[in-house]
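In the two complexes below, chain A is the common chain; its partner is chain B in one and chain C in the other.
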Partner chain A sequence: MDNNISGEPNIKVVKNATCTFCGCVCDDMELTVDLDQKRITKAKNACVLGKAWFFEHSVDESRPLARIDGKEVSLDDAIEEAAQILVNARFPIIYGMSNSTSEAQRETVKMADLLSANIDSTSSVCHGPTGMGLQGVGEPTTTLGEVKNRADMIVYWGCNPSDCHPRLSTHFTVMPKGMYIPNGRKDRTVINVDVRATATSQLSDLFIQTKPGSDFELLWALRILTRGGRLNSTIEEQTGVTIAVIEDLANRLRSCNYGILFFGMGLSMTRGRHYNTSALHMLATDLNEHTHFVVKPARGHGNVTGADTVLSWQTGYPFGINFNRGYPRHEPGEFTTTDILTRGEADAACIIASDPIANFAKPAIDHLKKIPVISFDPKPTPTSEMARVAFTTSCYGINTPGTVYRMDDIPIPLRPAFESPFPSDQEILIPLIKRIRELKSVSSAAA
Partner chain B sequence: MSTTLRIVNGKVYDPINNVDGAVQDVCIQGGKIVESVPGDAPKIDAHGMVVMPGGVDIHSHIAGPKVNLARKFQPEDHRYDPHPGTPFTRSGAGGIVPSTFATGYRFATLGYTTVMEAAVPPLSARHVLEELEDTAILDKGYYVLMGNNSFLHRMLEKGRMEEFREAVAWWLNASKAYTIKLVNPGADEQWKGDKNSNITDIDQKIHSFDITPRKVIKALIDAANDLGLPHPAHIHCNNLGHSGNYKTTLETMRTAEGRKAHITHIQFNSYGGEPGKNPISAAKEISDFINDNPNISADVGQVMFGESVSMTADAPLSWMLRHVKERKWINCDTECESGCGIIPFEYQQHIYTHALQWAIGLELFLMAKDPWRMVLSTDHPNGGSFMNYPKLIRLLMDRDFRKQEAAGLNQKAMAKTSLLDLDKEFSFSEIAIVTRAGPAKLLGLKDKGHLGVGADADVTIYDEQENREEMFKTARYVLKDGQLFIKNHEFCADPVGRILQVAPEYDKKIEDEIRPFFDNYYSVQFDNYPVFDTHVETEVVPTYPLQ
Partner chain C sequence: MTETMLLVPMRTAKQGVALNAGKLKDAYIQETSTVEFKQEDMDRLGLKTGDRVRLRAGTQEVVVSCKPRKIKIQDTALGIIFMPYGPTTSKLMVDGDTAGTGMPDSKHLMVEIEGPLAQEESDGQ
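Up next, the complex of A and B:
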């Protein structure tokens, strides 16, 4: 235990800790922890987002561990209520998971299987269309270290890592020296394609501004040039980019030694969605006829990649999955959570480490408010505060050990800074699953 | 929950203990095969049935990053083959690349109880171990990719062989792997660093390094032997899939210089002919060499007609296949360690090359004088799904069936092989060798692949049927560590298998060499790279280092 009897500040330093704020999952944090205050006071190597993540995390011990309808209850009572809700539902849905360890995600999928429930991660409102692009046309990709070691051409398309993934450029891609990039930044060309200039444009050698909603056309034009075709002048009107600029871009892409296209929700969540991401994947595939070229979606939450990964290995599908026939089925649009809620179909929801009430479209929120909701969250959120059963959990990475998957699918271990009085997602899921199993065996025996 | 049990009246095939179809009891207690059990112990009456040790698969792609990408990008593969759960088992998706739990159950249904995952970069060690934990029933381990490791290349370049071996041992420990895997050694540098080129000769210089693939092959074969790993270096040769590659394969085997080495899915490396032109069979040249060189073992990598998925750390191979048919394609580079390519594929009877590949695989089986060193695999799912094993067994056991199948294939291809002249039919005992006893021996798993006293009580009981394909498709009873979990073809339990690793000793000083390399060229911290002991429970299989 962390009892301090000497009166000296009770400080510990955690080296090689992992920041789970964004998909970069930087694992070189050096955290100074005040164990008396249960606070992180220094976070060496963290970016501005990471610092906020670490410094603003405190444990409010006055917060109830479990509540039903806002009233404090014992953990056992809350597990009983949650189990009853889920077992008695005809169309239970499970959603979230991207701020949870892969160990907890594995339990979550097990629970969905047991309940014949619907299960979906935040991917469905984020890079779900990227997954669909992958399913349609494949994807040449890489781990981040290879970008550092080899990439002399980096394109950021429809993403703004300087604000959203601050260390992507400084730690992994643009700035560092690598095995075959001895001079770091000087040896690389950085190009930014977006509908508006951002902080990422400032870091780039070239910024190309497209008309909103014309990414597909621009990507397709680049494919045409890469495959030796010619452009029709209408492309300039469609994209707002001149043919000269497009030709120059196509030339640069195919004449590099090792190129990468990073992209964000500027492609996956704008007009065209999975057509955009498919076009980008196909462009990179085409470029491999000339040089080595890869793509990488700049994923958001710390372990959203883990959610895709775990769901894929346990069910065969990355998101939008339904078990109601006793086996997993996958259909984006049908089994994705916003769509289910908007159609008013689900009759109970279990939300793990996510806040749909703050993020979903209004018709989806309206339905969520009509059904019993179970929430797992370390912090009060609009979802946890309206939930019928709310569990306060420890925070992954800060309090909870385990594994998370970086945006490039690389598993990274967590080294917690201090203990939380609250249980982890997994520590609640295991007894919850046990209770669900008991209730289901009673009901199947009665039948 | 292990049982005390006596299996009676079954025909027992246990080649390690020279039991060839004798009707004798098999007694089980405490998860092991024992001499006898009390007379009132429960019995399984195996009258009319065949009793064998649980199957052991030496080379399948069942878990890890590339397998999971192949699952994720092929919803069409799973959609028409759902795997429903039962009160005892998890549900999942089937297809050529099933989900983890379904993979375990389906292997177990065929009577397999141990399966080795064939290729994972060490950077993804945690990933493969988590998936293996979620792979039902089976005991399993995995082979870690080292043939394109940049740090090891540098040690070789400097001729620092002692440090090379220490680093290999460090990597095996850090990744909790079972043995060393080589895939197209040297080619990743060509692929990633030289605009998608490939290695064509094992004596050519590797791009950016002053070494040759042969040097890498020799060094890793030596390291595996010196460290006394239970299974030697497991080699996917250079030039895989290319006409004329049998010469590369022979050179690779010669490089072992009498030391133990395993050549995997050797069918794909047994092609004659000129590069760029149609292949012909070189099964005889390969078989002759292996028959004469007892240090070499191989698994076949049989091609079976129908859907497959090519998934490999051999990225240039995948790119070549994409030019055969423009289907969706995945490439994944792993820093300092590996490449990877995935592409859906279909082997078709009327296509010359595919028919030839099928015939070459069967030739290799039938020409092998020592079946203990030429064991069964389809390089699942590359040559076809493991679900084809029963059909493959029938092809080996039933000459008429083989001829009947050959009649429906591309006849130009059939004319280029000697398959139809080979009349050999495998006996039950030989099937037991190539599907369990042989792989267990090659893997150095002393308690597996046989039914002698002290063996793990992994036992499979098949109904004896004239049609061997039907017979081997679904075992009537299967036990894992003494627990009966398939009873009358139905699952009645869901035992948890073990993860097997090696942990050769090494000098800690090597970490001082590796650490700065990580600081410079990896994207993860050196201290976070080795899999923590708390991450996953494993069982260490002993090594016997040379003194």
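Up next, the complex of A and C:
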């Protein structure tokens, strides 16, 4: 019971709470919660993004629990409408899931299987090409704990954690003292490779600026040097980096004790995509002939790693999966959401905790606006506002317990701060799946 | 004045904070509708902080504010502009082709820049 009749502030402190805003999934938060106001008033240890995440997710009880075409309806009516849309669609797609618990993700896969639908996470427009790359060449992987305790060489390639994952450097990689890194920052070398100088470049010992779209060439040049070859002078024109700088970088990478290559959308969203990420993984493999080197993508959403993990253990594939033959098939480019929408194939969409209207390519958005959309989101977004059926959900990690996966594939439990009057994704999915099953059995019997 | 430049959509901490407050609120809309130039490019194009410019890609165009990048170390990226991801950059992502990967070329958008726009021209958007 959260009701307070004493007149005293009804305050609770939650220790070791987990922030689910970004892929760092920091689990050392100390939250002070005003249970009467249903809001978090202090978030000790949180970064600027974490503070915004905790402070801005109070409960707005004036929001309808569910809407159809913008009009408030009961949860049951919304579930019925969503079930009818999905069962009657010829090519339903399910997308999102990266801001939800792994328990809800598991239910979503069940729903996709039942509907013979297409299922895809936000990975396909994030580190999907990374998954494609590592499937081909393997992944020299690690955990953030190992990085904290051992890494004396941190490379940030095509990523800017200072803006996107502020505690990656301060809590896990650059600043902390570790078992074999007794002096913390002083014992580590930090290198940033990017097309622009960022706040991450400023905390680095060395910033190497590349021409846009030349990452593959620079990575391959480093592979050549790591394997004892020599560079052609054309590499300078191709990458904008001098041979002397490339040779110096290769020497630094070879001569460290334990190195890690963190990378981001600068590789996966640019020309080359999975070839870039493959090259990065192969460079790490090559460097293991000289020293110990590992790779880790800097993941964005709080449980995008969980989406990859759950989809992989349930279907065998991490994203871009289609069940329309009764078994899962994976084909990036064919079963990835941007492509399906751009080709105008889908005739219904269920969007779980995601906002494709705000970040997809325009042709994909144009098609999404033509078909019935079902949206699950704790906040109003461009997607929830245009959805045929919109569910207001509780916020995972703040209101909803469960499990999320950190960017290094470590599962982390959630310790919610306060209860929400809104249901979780999972609490809507379970009755929705039940109703879909009923409708499917009626249509099978009629056939 | 019109010139073609490379637009690289990116993330900022300010954008991350604003999206938590709400994607339909002014802070998010403003942050995702402001394009960053290198100061030398702004000077060459005759742009001042807060000026409105039109960005055009294919048949799509948007009008956004401009500001100089805050760079504290050497950066040679002339002719490249940056803007936080959001509905505005999506509108300029006119090609849904993913080269068989699922991922559009989201960080490599060639755009034509026109500006500074007169007040009435900017208000018309």
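In this section, the second predicted complex is superposed on the first by the 447 of 447 C-alpha atoms of A that agree within 3 Å, B and C clash if a C-alpha of one lies under 4 Å from a C-alpha of the other, contacts with A are read in each partner's own complex, and residues count from 1 in each chain.
Here is the rule we go by: contacts are C-beta pairs under 8 Å (C-beta built on N, C-alpha and C of every residue); 3 or more make two chains touch, one makes a residue touch a chain.
All figures in this text were calculated on a predicted structure; none of them were measured in a lab.
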Partner chain(s) touched by A:Thr18 [first = chain B, second = chain C, both, neither]: first
Chain B versus chain C as contact partner of A:Pro64, first or second or both or neither: neither
Contacts of A:Thr381 with chain B and chain C, given as first, second, both or neither: second
Chain B versus chain C as contact partner of A:Pro431, first or second or both or neither: neither
First (chain B), second (chain C), both or neither touched by A:Asp355: second
Touching both chain B and chain C, residues of chain A: none
Interfacial residue positions of chain A with respect to chain B in the complex: 15-16, 18, 27-28, 102, 106, 110, 113, 131, 134-146, 148-150, 172, 177-180, 257-258, 285, 288, 290-292, 294, 308-310, 312-318, 323, 325-330, 401, 403, 405, 409-413, 415, 444
Chain C-facing residues of chain A, complex: 21, 48-49, 52-53, 55-57, 120, 124-125, 128-129, 132, 160, 162-164, 166, 195-197, 201-202, 207, 209, 212-213, 240, 265-266, 268-271, 273-274, 319-320, 332-333, 336-339, 341-342, 355, 357-365, 379-382, 385
Chain B residues within the chain A interface of the complex: 63, 65, 68-69, 71-75, 77-79, 82-85, 87, 90-93, 95, 97-101, 123-127, 130-131, 134, 150, 191-193, 195-196, 208, 319, 327-336, 342-343, 520-525, 527-528, 532, 534-535
Touching residues (chain side chain C, partner chain A) in the complex: 6, 8, 10-13, 16-17, 20-24, 60, 69, 71-77, 80, 82, 85-87, 89-108
